[in-house]
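Letters A, B, C and D name the chains as they come in the text, with residue numbers starting at 1 for each one.
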Amino acid sequence: MAGNSFGTVFCLSTFGESHGQAMGGIVDGCPAGLEMDLDFIQSELDRRRPGQSKLVSQRKESDVVKFLSGITDGKTTGTPIGFIIPNEDSKSKDYDHLKDVYRPSHADYTYDAKYGRRDWRGGGRSSARETVSRVVAGAIAKLLLKKSGIRIQAFTSQVGAVKLSKLYSELSLSDAETNPVRCPDAETARLMIKHIEEVRKEGDSIGGVITCVIRGTPVGLGEPVFDKLHADLGKAMLSINAVKGFEYGSGFEGVSMKGSEHNDLFTLKKGKVSTLTNHSGGIQGGISNGEDIYFRVAFKPVATIMKKQKTLNASMKMVDLAGKGRHDPCVLPRAVPIVEAMAALVLADHVLRNRSYTR
Amino acid sequence: MAGNSFGTVFCLSTFGESHGQAMGGIVDGCPAGLEMDLDFIQSELDRRRPGQSKLVSQRKESDVVKFLSGITDGKTTGTPIGFIIPNEDSKSKDYDHLKDVYRPSHADYTYDAKYGRRDWRGGGRSSARETVSRVVAGAIAKLLLKKSGIRIQAFTSQVGAVKLSKLYSELSLSDAETNPVRCPDAETARLMIKHIEEVRKEGDSIGGVITCVIRGTPVGLGEPVFDKLHADLGKAMLSINAVKGFEYGSGFEGVSMKGSEHNDLFTLKKGKVSTLTNHSGGIQGGISNGEDIYFRVAFKPVATIMKKQKTLNASMKMVDLAGKGRHDPCVLPRAVPIVEAMAALVLADHVLRNRSYTR
Amino acid sequence: MAGNSFGTVFCLSTFGESHGQAMGGIVDGCPAGLEMDLDFIQSELDRRRPGQSKLVSQRKESDVVKFLSGITDGKTTGTPIGFIIPNEDSKSKDYDHLKDVYRPSHADYTYDAKYGRRDWRGGGRSSARETVSRVVAGAIAKLLLKKSGIRIQAFTSQVGAVKLSKLYSELSLSDAETNPVRCPDAETARLMIKHIEEVRKEGDSIGGVITCVIRGTPVGLGEPVFDKLHADLGKAMLSINAVKGFEYGSGFEGVSMKGSEHNDLFTLKKGKVSTLTNHSGGIQGGISNGEDIYFRVAFKPVATIMKKQKTLNASMKMVDLAGKGRHDPCVLPRAVPIVEAMAALVLADHVLRNRSYTR
Amino acid sequence: MAGNSFGTVFCLSTFGESHGQAMGGIVDGCPAGLEMDLDFIQSELDRRRPGQSKLVSQRKESDVVKFLSGITDGKTTGTPIGFIIPNEDSKSKDYDHLKDVYRPSHADYTYDAKYGRRDWRGGGRSSARETVSRVVAGAIAKLLLKKSGIRIQAFTSQVGAVKLSKLYSELSLSDAETNPVRCPDAETARLMIKHIEEVRKEGDSIGGVITCVIRGTPVGLGEPVFDKLHADLGKAMLSINAVKGFEYGSGFEGVSMKGSEHNDLFTLKKGKVSTLTNHSGGIQGGISNGEDIYFRVAFKPVATIMKKQKTLNASMKMVDLAGKGRHDPCVLPRAVPIVEAMAALVLADHVLRNRSYTR
C-alpha cells in the first residue's frame, strides 16, 4: 500500500535510493521452471545504462544485477527472486549543493513535505535510477511472455518537435536499436539526434514521445471493470519518471472521428476473428482482442538543466541554482527499455491472472 | 484481483449487469462519522442519468440509490456501505437482435472469448451503466474530500473538432452545469451542441475531451514509486468506458518544450511555497505540491451507431447490423460526473493512505 | 484494507448490520461457466438459520438469498456475483435496552471506542448474523470445489465437557446432519443435546469445539511462506465470531510427542505417495500433501445470557443487564455450516491461486 | 499473491533460500522519521541465532543484517527499507544425501509436487532460516510500537510434557531471557532444559508451547469482520514453521466454561474502562479493548531427527535416512523471538491501518 509494489500475481517490489548501497527488488509470483537467460537480462540493463552515447548522461554505472534467490540450475524455483544492483559510481559530491535546495519541477520539495526528510543525494528514491529494478523484472517478464509468443517493442517516435511520420507498421521496429536515439527510421533518427545535441549544447533539455507495440497477445487478457488491460498499461507508464501522458489506439486523435469511421469492423483472417482497422489498439472493453496493442507515452523535458535557474531552499530563501553532475539532455533513448519493461510486467501479470479464471 | 474493486483504503467494489436485477456496490474503508448528504448523492446520480437532454440517450432510468448498510442517524458507522440501484427500464427486447452478434468496437467478442459466455442484454457488464455505482461511491468520496477542502470540477473541453480555446483559469467552471453539454463557455457550448445534434441526425456518434480540475489538494498526496498520484488518476480515467487517453499538466504538448521553459519555478505566496507556472499539473515526483491538479481525458466516439454496419456473429458469419435502442450520440455530457467520481475516489483513497504514514 | 473482504482470487466482500436493510456481499473471481445450484445454496443457508431446533435461537429469519448479478442461464458469467439477504424479523425493540449499554464480552464497547458510534440494534455489524453472507459465498465455493473432487464436512466434536471420543475416521460424518447438535455419533449427540438444554434452562450458555475434515484435496495447494494453507484456514476460522482457538493435525496435543513418533512416514498407495500416519493434518510446509486435512475450532460460550449481569453503560455507570431477545445457548450447531463455508472459501481461493503458477 | 508478503500498510516481503546467496526482504510502509536502533535490531537477530546454547543447533551463522535503503542519518525516510542477511556457514555438503530424498514430515515432497523443482540444500525456501528476515522486520516494528507504548514478550511455557504451571501475571517475563530455554520460571526452565538434553541424546526432537503477552495496546486495533486482530495474529503464528495451533484468551479451555463464568465484567480503573477478568485475551469483537493480549502457540517436534527413518526418494523407492547436519532438538528457545517478531508485525500494521479511519 506504500506504493513500491507493482502487479498482483507477477509482482515486483523495489527498494533503493540513487546513492544508497544498492537498488534492488523482489519478483514474487514468477512460475517455476522458467529458464533464466542471464545474458538477456543483462543486455536489457545495458540498453538502459547511462554512458551509451553522447545523447545521454555520461555517468558510469556498470549496473550488474546480482540474483540472490529463487533460481536453481538456471531455472526459477517458484519462490521469490531477490536481486540487487549495487550503486557504484555515486559521486555524491556532485550533489552537495542540493542538500537544502528544492530543484524546480523535481520531487525535492514534495518528498520533504510528505516525509519530513529525504535522501537528497542524487534525487534519492525519486531518481530515475530507481527504474533499474524495473528493467530487471521486466526482462524476466519478457522471458515468460516469450513462451506465450508475446513480443514487445518500443521506440522513440518524437523528440521535441521532430516527429516520426511513418506508421509503425511501415517500419522494421528492431531498427530502433541501430541508432542511439532508438528511432526505427534512419532519417528521423538523424534529425532527432541533431536536435538533442543542440539542446545539450544550450545546457537545456527536451521531451518526446515513445511508442510501444505489443504483438502476439492472445485474446482475453484484461480484467474489467477497473483492471482493464489498457488501464493497467496506462498506470504502468504514468508511474515512470517524467511521463505526462498516455494514449492507446486512436488516442487523443480519435476524439474527432465519428463512430462510423472509428469502429473497427470485424473480418475473418484464416478463420480467426480479426478487424479491418485497429483504432481500438488491440483492446476492446478492456480485454485484448488479438490485434496489435500499441500506445504512446509522453515524456516531459527532464527538469535538471545546466542553465542557471532561481529556486527556493529549505530555509525559504530564493537562491541561484545551476545543474552539476552528468544528466540526460533527453531521457527518451534510455526510456525505451523502461517502457518495454513496464509493458512486460503488465502483460505477464495479466497472462497469469487470466489463468485463474479459465475453467 | 478479478478487477471489480478500486482503491486500497477507500475501496469500491461493484457488481451488476445492464439488464440484470440491479447495479450496486460496497464502499469499504470510509471513516465513521461522515454526514451522508443523500440529496447530494442523488443529485450526482441525476447528473449522470440518461434522458436529461436531447444530446444523450433517451432511456428512462430513474436511478435511485438505496443504501443497505453502514449508516445510522444519517452518518457513516465505519462499516461497509452497501448499496443498490435497481434496473428499471430494461427494454431487453431492444437487444434481442444482439444475442449472437458481435458489435464492432464493442466488448461483445472479447467477453465471449474470455469468459466463454456473457450477459448480452444491453452490453451486460461491459455497459456504461456500470458507472452508476462509481458515481454513488464518488459522491461519498466528495463528501469526505469536502471536509479537507478538496474540490473537483470537470467539464467538456472538446467535442469532435470543436475545442474550448480558453484556459480553465479564465472560466467559471461551475457554469458547465448551465448547459446540456457541460462546457463552461456558453459560445463553445452552443457549437458543441450543434455538432452533436448534427451527428445524431446522421445516426452517427462523436468523441471528445473532458478536462478535470482539482483544487485545494494538500501537499503530500501520492505514493511513489508506483502509486504516483497521477498514475492512479490515469488508471481511474482509463478504466472508464470509451476512454483512449489521459494527460496531466503539460501533457502531450509539453514534449516539445525545453526544460528551461517547462520547469515550474518556485515562489512564495503569503509565505507558502508555490510555483510561478504549473506545467507540472499540481504533481511533482508523483506527489501533490498544493497547486491545482488538472488533466484531460480523451473519449472515442461511442461504438453504437444507428447507421448500418457489417459485422460478425457468433457463428462466424458476416451479418448486417443497425443500432436499435436509445443510445448517446456523444457520451461526453454524461461522462463529466463520472470523471469527477473517479477523481474523487482516487483523492479520497490517497488522503486516507497518507494518514498512515504521518508520524 | 478495512477488513470486510476475504480471499485474493476467489474474493468475498460483505456488508450488512443485523437490523439494517439487508445483509449481502459480492463474490468476485468465480470462474465463468459454473453451474449455480440455487437449491443447494439455499439448503446451506437453511443449515445456518435460527429456529431449526430448540437448541438454537428461536428468531424467525427466512434467510432467502437473492442474486443480483453474475449469472445467466443458471451459470456464472465470470463477472461479480452480487447478492442480498433481506433482514426480515428484526425485532429491534428487543434491543432498545442495549442502546447505551456495553454488554460484557461483546463488541459494543470496542466498536464504540474505535468508530465513535455503532449500530447497536442486534449487535449491528458485530452480530453473528453477518455470517449469512459467508454461507452464501461458501456454498458457491463448494460448487466450485466439487468439480475438483474436494469435499468438506464439519461436525460438533465437543460441547462444554462432553467430548466425542471416536476418531473422525471411525465415523460416518454425514450422520452429523441427522441430529440437531450436528455430532456424527448418536450417543454423544444425545449427551450434548441434554447438556445444552440444561444450560438453556439456567439462562446460561456453553462453548464447544467443531472439527472439520477436508477430503480430496490435490497435492500442491498453499502459498508459503506466509499464505500457508493452514495459516489461511486458521485466519478464516478465527474470523468467525466467538472462536478462540484453531489447531490442525496433531495440534496442541502434538507438542508432547517426539519427532520419531510424530513424523508421518511415507508409503506408496497404488503408486501414489501417501503417509502411514497423518499428524501433519494433510499439510506439510504449508502445502497440501493429498492426505485428509483436518482441524479443530474452539468456540467460547456466547456472551449473551439470560442471567442478570452487572455492566457499564456509555455514561460510565454500572447498571443491571438481563438478556432479552432470542439467543443461542450454544452456537455450535449453527456454526458447523459456517466453519464449512469459511473452509470452502479458503480452498477455492487456493485452487485458483495455484493455477497461476502452473507452467 | 504468491505468499511472500505479510501485512497491508506495514508490509514485509521476503526472499531467500537456506543455502542461497542471502536471505532478505523489504519493509514497505514504515513511517518516516523512525529512529533505527541498529544495535537493538542486531540483538533481536542474536536471540534467534543458532549456536547460542547446547539446546539448539550448533550451526555457526553470524547473521549480520545489512541495510541497503530507506535510512538516512539513522532515521527512516518513509521509502522501502531493503535489507539482506548473507548466508555464510552453508555446509551444503551436509545435505547432499537429501537431494533426491523426501524427508518425512518435511516440505520436500510438497515443494517438488507444487513447483516441479526445489532448492534442496538445507531445505531451501522451506527452511526455518527464512524467519531471519521476519526477525529483522519485527525488530523495526517493535521500534515503531515502542513509541505507542506497546510491549511484546514471549516465552516458552511448555516443552514436551513439562508445563509452566504459573500464570503469566505471576511472573517477571523478562526473566525468560536469563536461561537458554527462555522460560521465565527458573525451576520449570531447569526441567525443560533437562528434558531437551535427554531428547537430544536420543537423537530425537520434542515440541512445546510458546506464550506471548502484549501490553499497552490502545483500544481500537483490529478490522472486523475478517481482519480481526486475533485472526491476523493467528495467521501470523500459523505461518511460522512447525506451528500446529493457536489460541488466545481462554482458548480451548474456555469451551467448557459457561457464559456466566466466561464473560469479562466491566469495571472502571481510574476512570478508564477495564474488565475484572480477561478471558477475552484483550480482544472483543476482533478489536483490542486495552487489556493484555495473550495467546499460546503450539510447536510440533522438529521433523529432522538423528534417528534412522525409512522414507521415499524422488524415484519412488523406499530408502534409509538418518539426519546429518546440525539441527535443533527443540525449536522453542529460538522460536521465542520469532513469535514476538510476527506479533510485532501484526500490531504495527494494525496501528497504521487504524490511523486511516480516524476522523
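By our rule, a contact is a pair of C-beta atoms (placed from the backbone, for glycine too) under 8 Å apart; a residue touches a chain by one contact, two chains touch by 3 or more.
Keep in mind that this is a model prediction, so the values were computed, not measured.
With chains reduced to the mean position of their C-alpha atoms, the one farthest from chain B is D. By number of C-beta pairs in contact, B-C leads over the other of B-D and B-C. In terms of their C-alpha centroids, the spacing between chain C and chain D amounts to 26 Å.
Chain centres here are Cα averages; for chain B and chain D they lie 46 Å apart.
Once the centre of each chain is set as its mean CA position, chain B and chain C turn out to be 39 Å apart. In chain A, 1-5, 8-9, 14, 29, 32-33, 78, 114-116, 125, 353, 356-357, 359 are the positions where the chain touches two or more neighbouring chains simultaneously.
Here chain C touches chain B in the complex through residues 1-5, 8-9, 11, 13-17, 20-26, 28-29, 32-33, 66-70, 72-73, 75, 77-82, 84, 114-119, 124-125, going by the rule given at the top. Every residue of chain C that touches chain A in the complex is listed here, in rising order: 1, 9, 29, 31-34, 78, 352-353, 355-359. Residues of chain B that touch chain A in their complex: 1-6, 8-9, 14, 102, 104-107, 109-111, 113-116, 125-126, 130, 158, 160-161, 199, 202, 204-209, 219-220, 222-228, 230-232, 234-235, 238-239, 241, 244-252, 254-268, 271, 273, 275, 279-281, 284-289, 296, 298-305, 307, 309-312, 316, 318, 353-354, 356-357, 359.
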